[in-house]
Amino acid sequence: MNILSQVNEENFDIEIAIDPNRENCFCATIDGREVELKIIEAKPSSLTLSIDGCVRFYEFYKEKGRINTVAHDNRFFKVRLRNRQQDQLEQLLEEFGAGMGGTATDTRIMAPMPGKILGLNVKAGDKVQLGQVVLVLEAMKMENEISSTVEGKVTKINVKVGDIVNNGDIMIETEQL
Amino acid sequence: MFKRILVANRGEIAMRIIRTCRELGIESVALFSDADANAVHIVMADFAENLPGNSPAETYLNIDLIIDICKKYKVDALHPGYGFLAENADFAQACADNGIVFIGPSPQAIRDLGNKLKAKEIARAAGTPTVPGTESALTDVKDAEAFAKEAGFPLMLKAAAGGGGRGMRIVRNLEELPKLFTSCQNEARGAFGSDEIFIERYIEKPKHIEFQILADEHGNCIHLGERDCSIQRRHQKLIEEAPSPALTPELREEMGATAVALAKAAGYSNAGTVEFLLDQENRYYFMEMNTRLQVEHPVTEMVTFVDLVQAQLLIAAGNPLHIKQEDVQIRGWAFEARINAEDPLRGFVPDMGTLKRYLPPAGGGIRLDSGAYEGYTIPSHYDSMVGKLIAFARTREKAMAKMLRALDEYVITGVRTTIPFHSYVFKHPAFTSGNFHTGFIEEHFSDEKISELMSGSGEGESNEHIGLAAALQYYMERTALITTNEQQDEEASLRWKLIHRLGSTSYLPR
Amino acid sequence: MFKRILVANRGEIAMRIIRTCRELGIESVALFSDADANAVHIVMADFAENLPGNSPAETYLNIDLIIDICKKYKVDALHPGYGFLAENADFAQACADNGIVFIGPSPQAIRDLGNKLKAKEIARAAGTPTVPGTESALTDVKDAEAFAKEAGFPLMLKAAAGGGGRGMRIVRNLEELPKLFTSCQNEARGAFGSDEIFIERYIEKPKHIEFQILADEHGNCIHLGERDCSIQRRHQKLIEEAPSPALTPELREEMGATAVALAKAAGYSNAGTVEFLLDQENRYYFMEMNTRLQVEHPVTEMVTFVDLVQAQLLIAAGNPLHIKQEDVQIRGWAFEARINAEDPLRGFVPDMGTLKRYLPPAGGGIRLDSGAYEGYTIPSHYDSMVGKLIAFARTREKAMAKMLRALDEYVITGVRTTIPFHSYVFKHPAFTSGNFHTGFIEEHFSDEKISELMSGSGEGESNEHIGLAAALQYYMERTALITTNEQQDEEASLRWKLIHRLGSTSYLPR
Amino acid sequence: MNILSQVNEENFDIEIAIDPNRENCFCATIDGREVELKIIEAKPSSLTLSIDGCVRFYEFYKEKGRINTVAHDNRFFKVRLRNRQQDQLEQLLEEFGAGMGGTATDTRIMAPMPGKILGLNVKAGDKVQLGQVVLVLEAMKMENEISSTVEGKVTKINVKVGDIVNNGDIMIETEQL
């Protein structure tokens, strides 16, 4: 996924994906430079990360469902994040008004990594719960159960069994109830 | 010695006092307002009594109720801490009237030294240099003008009953004097209930140097060296150190002797602090005397090894001083940084809230006087101090390095604190040089600068890591790597409380 | 000075070393096993590298991997802490071979002093009194018998490569000697890979007195006074103090000079500890020399103001000693209590688990070296120490009062700890008198006695409160006053962890 | 409620009831002696209590649904609790085998204070959830919603609207599903 991450007005162009070969690790580049990135511990709204061997704690605060502040080292950093590859619709909405942004962002289930759809557990019209397994994705030679990141009614399914998806592809769309 | 004392205070200073009581085998009775039911000092004390309500007037300033509790628990003595009733002569008198030893000076000494004009008079009589100024209260601006014509500008108008930086006006010329005179008089009347004001020379770019003294009830008095409290913002001390980088041993001895002479002249007993202004030419002027334990007393404890609360208790119980002047040695250097919960992005208003993650610093040479813990909610009714971080080492340089290390180590989330501000100051050349005065903050830190520090602006390298961390969290939330549920965080910090109305007879998460 | 060092250890001692590095502006690289991903030392260091796996052999004892990480981070030097590889001569050699300064003595000194027979030989050559015994390894029980007939009983069989109380047998008479000889030899072979054993006189009821020494690479060597570590259970130190109540200034000077002479004779450099037995007649005998920083080093730091880790770094960087013998002053008294997570009800096995509630003690004179925090899970792969609680005051009596106060203040729930045991010892007349020897625990504390302490038996008054508290909780659960849901507690401590198998690509509560 | 509280083999006879006049306070006696008892803070499985002005923290551990250990002051006290007034059935069961004790204890809803039944929200055969309001009790001149302390199917209702109940009376019985 290609993310534009803005910290205190400074922009960083970040490319991020799961590292299939190393546990808890990610393949990441920041402004084209490779970075060693590993999750040491994850809790709700906070991460302990190793970035180039530097292990630190980051806490995330949200407003209207979007991360807008990172607490780190007793400082509070203003951040703004955009998904550049996939979220053209979202960006359009964002530009039309921040009020809609929050709603628009949390209705789609995206692929966490490249892979092949092995099974689909929901169909259009179904209600899904947060954390409910919605599909099975074959990736990295394993079957991965993909849980819903959203709560709502399924409005559209963009994939079918056998499809190949890429990192960040929108697989399922929903609407809030 | 006392068998049981009541601690008429809250938070870290109550804990500080209770600790010494426990070490001496004295029982302690703590007090707590409704908002302080989560405070640690009440669990630390042998007994704790609720003061219903939250406002200071209902609780920690409620003289009648506190005296009643003293009687209920049959305490021998009462320690007032600092703030609240610590410098209230009527309260000290009420204790005496009820047979409770007030751990502090006599009501008369509190009263005399609480009035700035009276205190200056005592100082002059004791031979202590004072800031040139009018010797009695002014009622007419003409008297102020007469003084101004003789002394020149700048001058300072002060409320006699003022304190903590309130009730003061700097006057730069004759034209603005009448207007400032009236406004100072009005503030004095409104804030302190007395319109007594006076005028004196304004000392520019002074250092704030204060001497810790101990006096017993048998006429013995010593000093424990000085503290340099020049780092202030809007007259609130932020960083204190002992000794002061500005004092030579000779000047220390001279000023210390002066402070002792003044305390003796005032008939002072127990612990007290004589505050001086030290000008650019190292001339010193008596400013005021604080008739209580100071917030910043730990730096003196660290460098002298004297437990000041223990000394207070011993003195109040009628013992002669357990140390002599020649026993007092300065054995190193100590700093105190006051860590406050404040939000610089909203004009430094207190940023009260719950401490989500809390990891206090520790290790050799570090002392942290604090009532905070993970999950603690800082009540909004009192001050915004989270803790006093104290660093001690053999030299000033090493103590600064230790403080910086401890500030780096200190993790607090949930509220914004002044930690980043302190980290910046302890690296600032003007501070590390020791060559600073009370205008340090105004000179080097605009409010914008401080808010920049707090938001981490201008720190290129860490911005990159922040950007990456935020992107990872975003990536995981957007893909199916993590299931976020805004409720979970709430659940993780579920706190249960007995609801007050019995109408719903179950515990509910608040 | 070094730019960057690697700390080849974990937990509190890694934190201890990193703190000094930060204060000196030296970058640090930490290591962590999988089980230590929640440890604080990795967040405190500038960098931290994972050692995959959990067993010591895979991780903190993994020489090749550690050397590789040193190279990856281009560190100048390595600090081994205590335990793990701290006294491994091959590791020290491997560091040297790879151009990494090992912060400790030379491999040769480690090797020589690691062998008890060789160490005794060095000691004798340096004129240090040693326990009378055979001077070389025994292979035949006849040689032991010959010695026994000459020296009398009781005697002690010891493995030359042994340590930490292992590989020892007390022999009370000639009859049991052959059987014990064989079993000691077998244990030596099995545990230390060498069946070298020897026999010496058994000193009854001795004190364990050790001297801290510092030696540079230029032939300078000083001692920093002694520590009394006589309070042990099964050869594990539980409480240490500095100075020792048993030593006169003259004896201190004599033993200190002896320790320095021995270190010089061994060609020793860096920090080390010379251990002595002190018998009931105040005769001292060299026992062994530990070629590393000791767990209990903070008590020496507290009373001398010397940062031992800083001294180690300066020495390892080739600097001459920054202090002279005459600069060393003992300025007060310090105790250390090792707080372990142990369950006395199940034979003192480590009681690992998650710290549910954790409130560390603080205040003047208290130092807590610990990696624990609320919510921290003590991994079961390493030792059971929760923290080292250190109390300092000007006199032994005041330091004991301070320690008791801090023990009272320390709150840990979720695991059982030795805090109640310490509270009892610090009130015990045999302990407070200072008149105790290494048999103190066996003499005064049966396992039953300790488990009684931990369960609060015999404390009448608090039993009443416990009974009432339990009754109230019961009452509220049985009536509709509270809704208990066993799940809620789980939820409150929800911890999320990325699961390792990507097969389930979501975070799950563990 | 009259409770026999056993701590490390020592028995205490405790009488406990809500104090209608003071917030968070209880009327309690221990072996006949009156004790000032107030809740300062309650969390799941732990209480901060003021007992005769002494404010301390107590943590409760259970085995098979029964409190068997109190953690206090870094010590772990073994406790055993019995309701002497009402729980004769329970005690019988207890004597027949500890295994049944756990099950037997958590199926009845008892009155927290004396009062008059104003309303009943469940009937025999209903399923009740933990925390669900099952009846309304008038006591201390207020209407008090009584929540279920158990989860299960209602087997018996011992009260009807208008009845007067006493502290500790069993009002509703259930069985586990």
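Lettered A, B, C and D in written order, each chain numbered from 1.
Everything below uses one rule, namely that contacts are C-beta pairs under 8 Å (C-beta built on N, C-alpha and C of every residue); 3 or more make two chains touch, one makes a residue touch a chain.
Remember, predicted model here, so these are calculated numbers, not experimental data.
Counting C-beta pairs in contact across A-B and across B-D gives the higher total for A-B.
Put simply, the C-alpha centre of chain A and that of chain D have 47 angstrom between them. Centroids of chain B and chain C (each the mean of its C-alpha atoms) stand 39 Å apart. Within chain C, residues 408, 480-483, 488, 492, 494, 505-507 each touch two or more of the remaining chains. Residues of chain D found to touch two or more other chains are 18, 39, 42-44, 54, 56-57, 112, 131, 146-147. Touching pairs of chains, sorted by label, consist of A-B, A-C, B-C, B-D, C-D. Those residues of chain A that touch chain B in the complex are listed here as 1, 3, 5-8, 10, 12, 14, 16, 18, 26, 28, 30, 35, 37, 39, 42-47, 49, 51, 54, 56-60, 62, 65, 67, 70-79, 81, 83, 105, 109-113, 130-131, 146-149, 167-168. Against chain D, the residues of chain C that register as touching in their complex are 356-357, 408, 410-413, 416-417, 419-420, 453-457, 460, 462-475, 477-486, 488-489, 492. Residue ranges on chain B touching chain C, taken from their complex, read 15-16, 19, 22-25, 40, 44, 298, 301-302, 305, 307, 331-332, 359-360, 362-364, 366-370, 373-375, 394, 398, 401-402, 404-405, 408-409, 480-483, 488, 491-494, 505-507.
Those residues of chain A whose C-beta lies close enough to touch chain C in the complex are 18, 20, 23-24, 38-44, 48, 50, 52-57, 112, 131, 137, 139-140, 142-147. Taken in their complex, chain C has these residues touching chain A: 29-30, 37-38, 42-43, 45-50, 73, 494-498, 500-507.
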